[in-house]
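Before anything else, here is the set of structures, which you'll find just below.
What follows is chain A paired twice: with chain B in the first complex and chain C in the second.
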Partner chain A sequence: MADKYTSLVSRGWGRDVAKRLGLPQPVELRRYRPGEAILSGPALLIGSGPAAEAIASALSSWGIEARREGAADAAAPRAADDGARSPKLGAIVLVLDGIERPEDLSAPLLAAGRALRSLAPSGRVITLSRRASTQDEPSLGAARQGVEGALRSLARELRAGATGNGILLAEDVPVDAPSVLGALRFLLSGRSAFVDGQFLTVGTSAGGLPADPDRPLEGKVAVVTGAARNIGAAIAKTLARDGAKVIAVDIPAAGESLAQVANDVRGTALQLDITRRDAGERILEHALGRHGRLDVVVHNAGITRDKLLANMDAAKWDSVIDVNIAAQLRINEALLASEHFGDRAHIVSVSSTSGIAGNRGQTNYAASKAGVIGMVRSTAARLAARGGTANAVAPGFIETEMTARMPFATREVARRLNSLQQGGRPQDVAEAIAFLASDGASGISGNVLRVCGQNWMGQ
Partner chain B sequence: MADKYTSLVSRGWGRDVAKRLGLPQPVELRRYRPGEAILSGPALLIGSGPAAEAIASALSSWGIEARREGAADAAAPRAADDGARSPKLGAIVLVLDGIERPEDLSAPLLAAGRALRSLAPSGRVITLSRRASTQDEPSLGAARQGVEGALRSLARELRAGATGNGILLAEDVPVDAPSVLGALRFLLSGRSAFVDGQFLTVGTSAGGLPADPDRPLEGKVAVVTGAARNIGAAIAKTLARDGAKVIAVDIPAAGESLAQVANDVRGTALQLDITRRDAGERILEHALGRHGRLDVVVHNAGITRDKLLANMDAAKWDSVIDVNIAAQLRINEALLASEHFGDRAHIVSVSSTSGIAGNRGQTNYAASKAGVIGMVRSTAARLAARGGTANAVAPGFIETEMTARMPFATREVARRLNSLQQGGRPQDVAEAIAFLASDGASGISGNVLRVCGQNWMGQ
Partner chain C sequence: MTTLRKAVVVGGNRIPFARANGAYAMTSNQDMLTAALDGLVARYGLQDERIGEVAAGAVLKHSRDFNLTREAVLGSALSPETPAYDVQQACATGLETVLGLCDKIKLGRIDSGVAGGVDSASDAPIVVSEGLRHALLELARAKTAQQKLKALSKIRPRDVAPVAPGTNEPRTGLSMGEHQALTTAQWNISREAQDELALSSHRNLAEAYERGFFDDLMTPYRGLTRDANMRPDTSMEKLGSLKTVFGRQLGDEATMTAGNSTPLTDGASTVLLASEEWAESRDLPILAEVVDGEAAAVDFVHGKDGLLMAPVFAVPRLLGRLGLTFEDIDYFEIHEAFAATVLCHLAAWEDEEFCRERLGLDGAFGKVDRAKLNVNGSSLAAGHPFAATGGRIVAVLAKQLHERGSVGGRPARGLISVCAAGGLGVAAVLEAR
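On to the complex of A and B.
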């Protein structure tokens, strides 16, 4: 495998193409392990004022040395000099909540640029800024939206597993709101290994940080559909690792694998076809009967029935819609109708980059996964009054049994077409879900978080 | 050029990669010429009810034969049979404004699928549906958002220059509102040759269709910045062709080319550095003094100063921000402060797919072009009260003098990474701008219309 690949990309036109496509040596990503330090090195904090102070003290409280570089002294290339003498930077954090005009981006971004060579492998660049609104003055809207263009470009320039992501704050959310700090911690840590070029929007100040940051789901009961294998099994294990009691749901045919997963996570198994009309009631019955509560629902179960639309039949189309979106809608409706669910509940659905960008041969699948995005946004509005959230994750190319069966060349190309030049792992999707399922993310709702290594495919 | 390319993609691993990347034979796109028929063949209209009736009569009034296929008889593969016997379909139009649940997408999409083999080269697939809102019931929001996933996938399956695009209607906009019909006509015609996989949102019922559809800008005065060359010159010529009196603006150094363009379009030339603090006032003075009015402003002037952020200096960063966004903000501010501008005015700014997706080596450029998007959204809100609009177009890979100077392999790959497997032409960008500058697009504001052939690069 390496031979063919290496020979193609090591000379002539193939090399040029490879360079343009960004195909070369991907690195092993830093991934989260409970108890480990959040970062391997200090964080450079760019920005000044109370917001930067608040972030500095949050970093300190997490055991991260925060080095300060006020945007004001951007002319002095201090950071780069520091980097040459001392441990590599674990992260660069830009506090940009005070920008008012596009011109204000210059000093902090150039300061970040000077520090980039000091960034450690699997380092992080994170922006904190305010979400652009149509109500902004045009210059303010331009400055705020400008952050997204700069960050997404910057993320494409990072190498060696480093990522760039941003946090967008709604107008009235303070920079030290629990979910802002929760998002920052998630993005700094190895939990976000395969999240790149993305923005999390914090819409409210709701929520609180967990007592034990390694057990953010302690005391919660979580149901995971499609839990017997692949990404679903990883989700079950990750939620359990984070402290949740997990109800693993899958179709009866998955029986043995399902029992194994439930056993591994010391949870319970529920054999259930989620397309049954009473699936929501049965989940609730199981949760209340066996565990006395239900806090988190992860809609992971999904199928593909790929065909070009010209060759698609109704059976393929309808089964994908039924499993991937209609079942989720019915289950949510049943849950939200219950008095036993909804107060501070977290729903997380698995969408797909195909639901955002579309994908050849997947009209039905993309319709269902775009549908998940529409559902999540509407459901978020409904849950807000009860302190609950609904979010989606949109995985890109994830290494699973399914992708392992793809033809070699297709897989090899597909897994490289992102800024991290590799496929993600089921674990990476699971970490994003676990974060969105936690009370530390209570201010985040209606978001679609891509877990795609900044996959090229977009709208 | 064809030899190297052909040999690489015609065998072994290279062929597999090419197939996966979708690199093969691009076709010449159907492009608009005044006086020509909108479509080369009949349109298949999928959907029923008053909305479909309204679209059918609009098509007829444009000289397009509208064949009907009610979504109800989706089981009968009538369209495909018809296609085999009769002229190829110029378009397939799906009227989906009545969908309520994700399941409702099945019949119309499968009907479209059966008709795809009958679609002519450079044919069109167009959806009309309602924009998803957080206020929708979850199942309605899912259905509406689902259209986007299905259409974007479908667009990736089309070949031979055919495109797929959609129109999203706000809740209270009737399907026969002027801007809906204006958008439909634009998307059907060769004006939208390089627009693919995109959605236009019609937010209001404002506007009216032009008396002469080949002269939609008759009687309007339009200013175009950066008009001396490339895309700017194409914009000037296209607006003039559509009936506008054009003020061609460029820097004094562009003098001769600028005079040539102004002469070609029978307009006037204004030598002006748009970064001057009084640029807006000078534009207004010229427009009112020479032409007595100003209706349309096209912010096209822009520069690149590409460098990886680690190597970026303040001069490069600041000059790009100043020309590409700060100047536009200042000019708009001056114009909007004037009583002589703003009533039914149309502002169109040139953004870039880099401003949406980010691009390696273009942190400054992407910040400025994302800034344009933020500016346009805020400005749209301000102009709404006066019946004006502000929109952006985001070109992808366009064949210009600039891209002609790119290294061969880089250019060859970049121009293929979209569903149409080719670069666009300056004319394609100009057509989108001309549409957004017309009163037929008065219900469309705050949109960002990509002109990118469904370029892969996205958020």
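On to the complex of A and C.
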């Protein structure tokens, strides 16, 4: 359900007033439902060469009509001659892997600009380009880094729920590598509704696309911590919807709602305080003993104990560090020590925009959530040898029981401080996690994916 | 004799027990039993599973709950095609559901079963007086206006007062506490010994919580995460300061207080039972084997034995049949209806004369090592929702046995005994797996 303000400015006089006064006009976002088409309309493909051909054929294999830039009807609907309005563009995809100098950005970006007015509500603009590195010639590095600035600014221009995101490819990764296509499909679909202004980096050609795109986690066993409510419960439900057998973990005191979640997703409930020294072993024992394997671990459990640093005491600081990062480190250590975890295993950890941009009164929390980012980067390197990945997802303002308790004005302002001018839903965070937990993202590791509607703070 | 297959305990789940008119004051038996079942389903991933049979019951039961267990199953995440039936054997209900289902598993009639029990002393049935009931029934039979008026005219003002539920023994009119007070005095059980037993019950239960023992035995309910009756910080001084509540006619000799008696409690418990094959085929744990059980009853009406003394007879019969003595038992789970009940049982088994004359043994049956008694606390601390106690004990003992593993090359072994109203008692033996 949309928040009250969004409902008010979505129709009738509310929409007119908001428009005249220049008030934010958030819209209800297009969200994924199993079985639905990936896009509402055709995609405009900008770029040429073998890479663009590969993307064109991927799009059409997904049932998306790929129009090529330069073709007569490409950037359509100028009230076509036959009087029938051609459908608005579902997406604009820019294949920029061949750019060498900053000047090369001109033609494709301007072409995208011309097509922007034809972009449907909740449309997508997606760039595919090479990751800039210190090994690049300076002009090449400038061109590649330029894509990021252009895309992030373009994303801020988009309205009506449309988003702009990019895929960065490491030097030797072909454009049709499984995780490039996996990321493209994720970013085009309603699964990425609240992901905006972000880049996913594909580092390797590892992984494979699922036989059934609606069940990418079929046959997998996934652990979700903090699963009793809010974002954790949404993660459990989303992983189960995607085919995983879910082990829902939460502290014993949260057992009542944990049991409900476990029963809803046809999984098992494991009442466990993750700060116990043997938490990792207990998780492994439950997963291997009861389900025979463990493929995915989602570290979602977290707490806040906010205080200005001047007023912070050791109990508040230490408990946040222990639950939010130290416990994850201990559990990962136990997982990595097990021979039963690692073959295509995926760890996804929930960070926070506070850990990236900082937040007044949250030094302890931000330390733990920035710590999560550091942890997944190091863990990614260790898991790489075993074919596994570690990534983080950093939610921005998400509508939960916690944010519902914020004072009205603070909440209203916080909601609007992003390009989509609204709060995200637990589901949006869960979708990003489900993608990173799938083998379609096996080439993506050590990434931090923000699910924040392109919050004004941080990257 | 045919070799029977084995019946095993996979695990258990209960909700925390609440004191009457506490956290579950507005909660029905069906709600609590459903919650306990759903927690069990969640722990063992039994959603949509057709269990062989679910057996449970309640002691204080509304007439509308004629199919309590089946209704709870229908409200749970189990398959709606799971059969269920109610059992009622006073406080032995829970243990009897376990033994009955295990027999069916051993015989091969079912492969899996959920045993359980529930009781609410808060949401107890209140009935109309006999006078009003007879008048209303006559009114229902009446056909003419005149007959109807006649029926109504029989109602007297005193008939209108509702009748609260009683747990008094129908044949003696005495409450269970008053009955126990007589037995307590007969066996010369001291106030101090009773308070000591109560203290260790609270301490043992609190310790079990501290080490996370209940993490996979309990699912919180309605805001309660631990048994509301537990007092980890109680002491001999505090217990010693309480006034006596039963056996007041004994004057200064009275020893039984609210501290060494169980309070009225609300709660529910469940136990997942199975054949070994069923548990293994589902990758479920096996905690313990339910070896055997025995029921006994005493003639308390004529004063031959105390109301709650039946386990004293059930246990020697059961152990005798199995060729065991107290030396072969590593854990004793003796339900603490009252601290004095347990102490009377222990005293009787140590009494040569009693064992010779009443149990027909050569001498004293044996001494229970107090270090092996109710090591994870019992009803004095946890509370005692009548029919839910058996399931609580079976799950706790099964887990304790499993953690212990083996003793001197044989599986660790535990004994359960539960006394019940009507002079009933049921005992069981479990072995570690």
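To be clear about the criterion, the second predicted complex is superposed on the first by the 419 of 459 C-alpha atoms of A that agree within 3 Å, B and C clash if a C-alpha of one lies under 4 Å from a C-alpha of the other, contacts with A are read in each partner's own complex, and residues count from 1 in each chain.
Definition applied: a residue touches a chain if its C-beta (ideal position, glycine included) is under 8 Å from a C-beta of that chain, and two chains touch if they have at least 3 such contacts.
Everything quoted here is computed from the prediction, not taken from an experiment.
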item: Partner chain in contact with A:G289 - chain B first, chain C second, else both or neither; value: second
item: Touching partner for A:N418 - first (chain B), second (chain C), both, neither; value: neither
item: First (chain B), second (chain C), both or neither touched by A:R144; value: first
item: Touching partner for A:L258 - first (chain B), second (chain C), both, neither; value: second
item: Partner chain in contact with A:A269 - chain B first, chain C second, else both or neither; value: second
item: Chain touching more of chain A, residue-wise (chain B, chain C); value: B
item: First (chain B), second (chain C), both or neither touched by A:T225; value: neither
item: Partner chain(s) touched by A:S442 [first = chain B, second = chain C, both, neither]; value: neither
item: Common interface residues of chain A - those touching chain B in one complex and chain C in the other; value: none
item: Contact set on chain C toward chain A in their complex; value: 35, 38-39, 41-45, 47-48, 77, 212, 214-216, 218-222, 225, 283-285
item: Partner chain A, residues of chain B touching it in the complex; value: 4, 8, 13-14, 16-17, 20-22, 74, 101-103, 105-106, 109-110, 112-114, 116-117, 132-157, 197, 308-314, 317-318, 321-322, 325-326, 329, 332-333, 354-375, 377-382, 407-410, 413-414, 417, 446, 450, 456-459
item: Interfacial residue positions of chain A with respect to chain C in the complex; value: 248, 252-256, 258-260, 262-263, 266-273, 276, 289-292
